[in-house]
């Protein structure tokens, strides 16, 4: 808890920069407008104008906060939490495709890692390509993939999940390969002296030893998965989701909407990473591996 | 209220289904996000015009990354809405797209310029930066420029082209002298942002004699060999046109129907109502049938487009009047 | 049908060869041949399925068609590469990573700021920064500057967090040793703490390579001049020229792998002493 004060300081600094930036970036429009209306703006009037523009270049925090409240808390109070205008509804859509992609990505990652650790041919031939696969800008071709999948009559949710999966399996493979190989020679020799089969070695030694690595890469993986979902929603905007909100916001120049969707996505990411951290703490504690 | 209506409708539909045989499924892929540009289809859906024709229509909204031609090639839709230049270009790529109906008579496309950027006529274009949409929407612009004899590759004496995103920011931020706008949509975003019509100059493609046909209904040629499919399309076109005419007469109601169908919840009532009234001006001249003179003009403008024509040879079988003839009898 | 059978047979044969190869003593030849053979198998599988099932070229073109397009359009691809990779991604990468390392060193003397920066940085590093792309285009215009800005935002935090952690990596014994030498703060930083941080910094730099390329490409979707890899990809999809799209993707994959490889090579040279490099 000793981190609270420093974190608060940094957060305050971020807010100060944000307000300063809002004034800097929005002032041109304010002056532009005043010039066309033929009035002189004093500094104070200019600052006031930059705080309240309808389509600011950088909306100040309080505008974003108001929009966030309007689309979450206020909707809940009116009992319309799942209306299409509510960010809770869109967050839920994003969450569902993120989770789908994450579950599949994690499964695929673990399976690949097991194969790589146990089969030399696979290690040598597949591993370089797994690394190369991440250099393909999947996000850039997401729309195309989605359309090709649609030709196979694949559901939209799954199409979005595929993008998330592609981004999230990589950290899991890398982490799990490292984790499954983390038992040292002594421990492996010990298993051998007990005449343990490969299966037994796997279940009793390799798998438990990989747990800390798994959790570390799950945290990276779920964040990547969320990015995949958001970008996929840019192409499948008809289903809604935070990505679709950003797109439509950008389409209509509604910067406040873009920023509030961004903040909502950020909150979602933080919540997901934090909940994996919680599972990690509990699991590792019960396994007796907590540091 | 809306909910009650849909529930009642759903109930009625379930009841009807048990008497009638199962309705025919039709999937329609739009060219862009849900907005009043497509009001006719949403109205036909909402008012039950499709149902009267025994059709079960699914409307799939598009977006900036969705190429309708690709969707239909992948089997994701039966009918797509597309602009004729991009449909004809797809034909040359080997995709047999056929126009079966043309609810939009006039083109809504225009180039909107700032007066303070020094543009008052097309003669002022050289050396200026112009914003253009790509993704198949660049063809009308390119053919206009080559008609004017202006190079678009950034060389001297030509224009600088930039790919504008989905909004009019480049004009507002003075990054471009002109941007592409539609009469019913982006132009009003410029106005909403605080610029006045007096500060702007607009060049309508219609007025410049380079208008091309927009938002036609296209299907795959091979499907048209199937009589059952043709019959389905006749009913689809008939119901859609009924929807369009209803939307023209009741623009405000149509706009509200569109809003109800917007999944992102980001569209505003004011903008959609205005869009609907502008759209009505463009669809007013059409009963759904493609005017062969308009087709001719579009093809000519694309074929003659200077050194880099959009299409290289006269298209054959790119449209059929068979469907509209049967539908409008 | 013949194609599919052929491809499946080839697959089985290649797998067999790879098992034999990996069973041998590792040498330079099979370290290269094994992944190469696997890659060729993948391409053949792709080619075979496209031909065998008659998949339309507007959905998925065959690798052979892509290769032909690639070789015919080299000048265009090169122009796009320069615009997106050299101007957008690389300049953003250098600015972003440089700034992150400088900031990390600057806050190094203040444990207070470090404690604040680390959680906030970790939080931001997990954000979908790519969502900033439309905003950056609005701020910095259409040319490569806005792309570089997106790249800066994307690479800054992963590198920052890794560097801050790396600077804490030297252990107490080593720092005590520096103190017994009466080393000044800059001396200790240059001789001990920065070198000790290198494995961490390079970890961040490697993550940043792929982020940089993705950022530069996706940012072009929100507005660009009429060249660049992202521009080409989105435009050619609209024109149904999928062979060109895939040629562009191939460029991205090659550039991305080469970039990653280069940074990994540099890491090998700089952190030769670290256990992970001696393995």
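Just a few scattered comments:
The first chain written gets the first letter, and so on, giving A, B and C; residue counts start at 1 in each chain.
By our rule, a contact is a pair of C-beta atoms (placed from the backbone, for glycine too) under 8 Å apart; a residue touches a chain by one contact, two chains touch by 3 or more.
Not measured: the values here are computed from a predicted model.
Between A-C and B-C, more contacting C-beta pairs join the chains of A-C. Taking the mean of all protein Cα atoms as the centre, the chain whose own Cα mean lies nearest is A. Centre-to-centre separation of subunit A and subunit B, using mean CA positions: 35 Å. A straight line joining the Cα centres of subunit A and subunit C is 18 Å long. Taking the mean of the C-alpha atoms as each chain's centre, subunit B and subunit C sit 39 Å apart. For subunit B, the set of residues touching two or more other chains reads 64-65, 67, 70, 73-74, 165-166, 169.
Multi-chain contact residues of subunit A, defined as those touching 2 or more other chains: 143-144, 147-148, 151, 234, 250. Those residues of subunit C in touch with two or more other chains are numbered 59, 134, 138, 221-222, 237. For subunit A in complex with subunit B, the residues that touch the partner chain are 33, 36, 55, 83-86, 89-90, 142-144, 147-148, 150-151, 153, 234-240, 244-245, 247-254, 257. Within the complex, the subunit C residues that touch subunit B are 56-59, 134, 137-138, 141-142, 220-226, 231, 234-235, 237-241. Partner subunit C is touched in their complex by these residues of subunit A: 2-3, 5-11, 14, 25, 57-58, 120-121, 123-129, 131-132, 134-141, 143-144, 147-148, 151, 219, 223, 226-227, 230-231, 234, 243, 246, 250, 255, 258-259, 261-262, 265-266, 269-270, 273.
Within the complex formed with subunit C, the residues of subunit B that make contact are 64-65, 67, 69-70, 73-74, 86, 89-90, 93-95, 134-138, 152-154, 160-166, 169-170, 173, 175.
The touching residues of subunit B, counted against subunit A in their complex, run 33-34, 60-67, 70-71, 73-76, 165-169, 172, 189, 193-194, 196, 199, 262-267, 271.
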